[in-house]
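These are the structures, in structure tokens.
The same chain A turns up in both complexes below, where it pairs with chain B and then with chain C.
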Partner chain A sequence: MSLPDHLTPRRHPDTAFRVFEGEAVLISPAQNMVRTLNVTGSRIWELMDGEHSIADIAAILSQEFEVSTAHALSSVRAFVQELAERQLVQLAS
Partner chain B sequence: METAFVLSFAGLSFRIDAPEPEWSQRLQERYQAFLADEAAADWRIALRHAPDLPQAAADWARHEATRTEFHIASYRGRVDFATRRAQVLTPDLQRAPSALARTITFIATVILPREKDGLLLHACGLASDAAAFAFCGPSGAGKSTIAQLVPPTLQVMSDENVIVRLSEAGPILYNTPFWGQNTPETRIHRQRIHRPLKAAFILKQSPRWSLRPLAPSQAILALLATEKVAVERTPSAQAWLDIASRLLAQTPIFELGFLPAPELWSFLAEQGFPIPLSSPESRHVPPRPSHSPTPS
Partner chain C sequence: MDPYQSLLDRLKRQHTPYAVTWELTHRCNLACFMCYNVPRAQPELSTEEALDVLEQLARAGVLRLTFTGGEVLARRDFLTIARRARELDFAIDIKTNATLITPELADELAALHPVEVEVSLLGATPETVQGVMGGHRTLNRILGGVRLLLNRGVRVTLNSLMMRINLHEREAMMALARELGVPHRMVFKISPDDDGNDKSRGQQLPFEDMVTLYGEMCEPFQPRPGHPRARTCSVGLHACLIDPYGVVFPCIELRIPAGSLRQQPFETIWREAPIFRELRERHTLAHMPACRTCPLQTYCEGRCSGAAWKERGDLYAPHTLACRQAQARYHSLHPAEPIPSPAFFLEPAP
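So, the complex of A and B:
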């Protein structure tokens, strides 16, 4: 089941990150995990500030990366879902 | 006889309380070049003699709030970052240097990014008259081999632990008193050395020579894989990433595929790293990586 578009994802406060030339490196001591994100994933990560909804993020990505809103929405939902399952983001409605 | 002494390097200082005068004397002889005025100590480390301390069945470390406890090999201890005190137990004098090295390098990995604009690098540091190079890697990557191949124009700073600190003039590489556990004493020369860091190389044993500039995120992952990195707590990890980011802005980092042979130095010279290297024009700038439009 995909996530509702009105949810506002927020980066988990226990995840350290830094963006290097557009690519984010995430470190989660609690998960004992290091992960890199490509440019698109990094942009989504930066927008997950607890203020932007999934729909907001998809709209911004659609504009910045020149892809359809439907494609952006699908990508953002899947990406947020994956990060939520890994406890790297928190979801609020 | 006083059993306490102070070790100082790269802007860090540790007062060591040894359990017996003989321990203190032997350790001071070992670390003579790094002894300092007692008043300079920021940290206090109690070294304790525990003759019945068993070998850890499995190494462990536990991090809670400001405290870390550990039992690694035959060393057991605790570190409190709030009080800046630590205690480490070891079964005999012979293993006391390793116990101290493990404890102090762990403390350094945590406090350097947070307080000193620096990082401890798990690296072999080499210095010329004017510059330094760091050859980084996890255990078994070839740091000791690099140290054994060193040409006369370069001096080994340490084959295991060096410290880089950022400054307005650029990154400076400092040595530490701590060398590889298996390095013969005859090869160890403990002297205080610091030089401008010109480049860092991530070691990769390979059937052929190669040198590849690393994109920033690749360099970060490679440095994280070198083991001695403070990512045990979120603030530590964030501080490490922030300092590493600044280091990358000032220092080129390469993946060095190498064979354990003295031709290493001529290979590096062919790549624009004459030994000794003094010209800033020979720096390499990593190219920008290509990106996929799909999140990963």
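So, the complex of A and C:
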């Protein structure tokens, strides 16, 4: 089941991160995990500030990366879902 | 290659400051006899100054921030600084003796979500710990502090500096760590003081004990050939140290000042300080004639420019402890063969 587009994902407050030339490094003490994100993933990560909904993020991505909104939406949903399962983001409606 | 490792390699190549160790204070409630801090008669950074430094480090791209001391928890504003660091998305590590941790403070520390809290364990009996660290009921208080953190889900690692005085309690320290369910690290390097005074040299482990310890270590060791462009460590590339007075150094061991944050912005010091430039350009085997031609070079893991500078006044020289450790490593792997001597080494290995 995919996530509703009005949800606003927010980076988990225990996760530390920095973006180096578009590439994010996340460190999650709770998950004992270090992870790097590619340029698209990093942009989504930056936009997960609890203000932007999944739909907002997809719209921004589709503009910035010149992809269709449908394609951006499915990428954002899948990515947010994966990070939520790993407890790297929290979801609010 | 693992994407994180390749990113780190890129940051080193680009000289991006990724990790900073910050001695927040030289004050401490204990008095370890081998402590290398040399407190100065000048004020430590104020809360306001420290918060400004945090902003500068975040802008410069620093992600890993290790708070150490002295005893960090002896600083009354530690939580203010650490909370701000978390708001700025730093991943923080905390080094502490754990003796000042109360249940309330443990709650606050857990809420910071540190990657790791590293606690020094310098013995397994009250007498030895007291002998090394001083204080009152010190071992009990250390273990109490560690349990308070563990109960709140904080990841703790015990770190034991192995010395003549505590070597006989090594097994018991490992057992304590097992009992607590935490990782245990052992290190053999007793650093000279920040001003080069080698007062604790006599506590350095005897050669035969180094050989035994290397023999018992689980990780397999592969001799590594070094080419002239290889670095013996990555000092100056992506990490540095800040002392309590705001002075930036290349690392905790190498106390050649790069600049003061009271006089210059961090980024200027990081990019322009002569010591950083020199280390970036020259800190390779090509500039270490003794090490480059040393028969033990492929067994040598511990050469440290800071230690060489303190011992020999030469950043590119070998130093006694590294050479001894390389010989011990060699001997543990080839017990029947004669131990080669590094070219410079003064006394033959026992």
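As a convention for this text, the second predicted complex is superposed on the first by the 93 of 93 C-alpha atoms of A that agree within 3 Å, B and C clash if a C-alpha of one lies under 4 Å from a C-alpha of the other, contacts with A are read in each partner's own complex, and residues count from 1 in each chain.
Going forward, a contact is a pair of C-beta atoms (placed from the backbone, for glycine too) under 8 Å apart; a residue touches a chain by one contact, two chains touch by 3 or more.
Quick caveat, the model's predicted, so the values are computed rather than measured.
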Superposed partners chain B and chain C on chain A - clash or fit: clash
Touching partner for A:Val25 - first (chain B), second (chain C), both, neither: both
Touched partner set for A:Phe79, first chain B, second chain C, both or neither: first
First, second, both or neither for A:Pro9, with chain B first and chain C second: neither
In the superposition, chain B vs chain C on chain A residues touched: B
Partner chain(s) touched by A:Phe17 [first = chain B, second = chain C, both, neither]: both
First, second, both or neither for A:Thr40, with chain B first and chain C second: first
Overlap of chain C and chain B interfaces on chain A (superposed complexes): 13-14, 16-18, 20, 23, 25, 27, 29-30, 34, 36
For the chain C and chain A complex, residues of the former touching the latter: 3-4, 7, 10-11, 16, 61-64, 86, 89-92, 113-116, 153, 155
Sites on chain A touched by chain B in the complex: 13-18, 20-25, 27, 29-30, 34, 36-41, 44, 65, 67, 75, 78-79
Complex interface listing, chain B residues touching chain A: 63, 215-217, 220-221, 224, 231-238, 240-242, 244-245, 248, 288-289, 291-296
In the complex with chain C, residue positions of chain A that touch it: 13-14, 16-18, 20, 23, 25, 27, 29-30, 32, 34-36
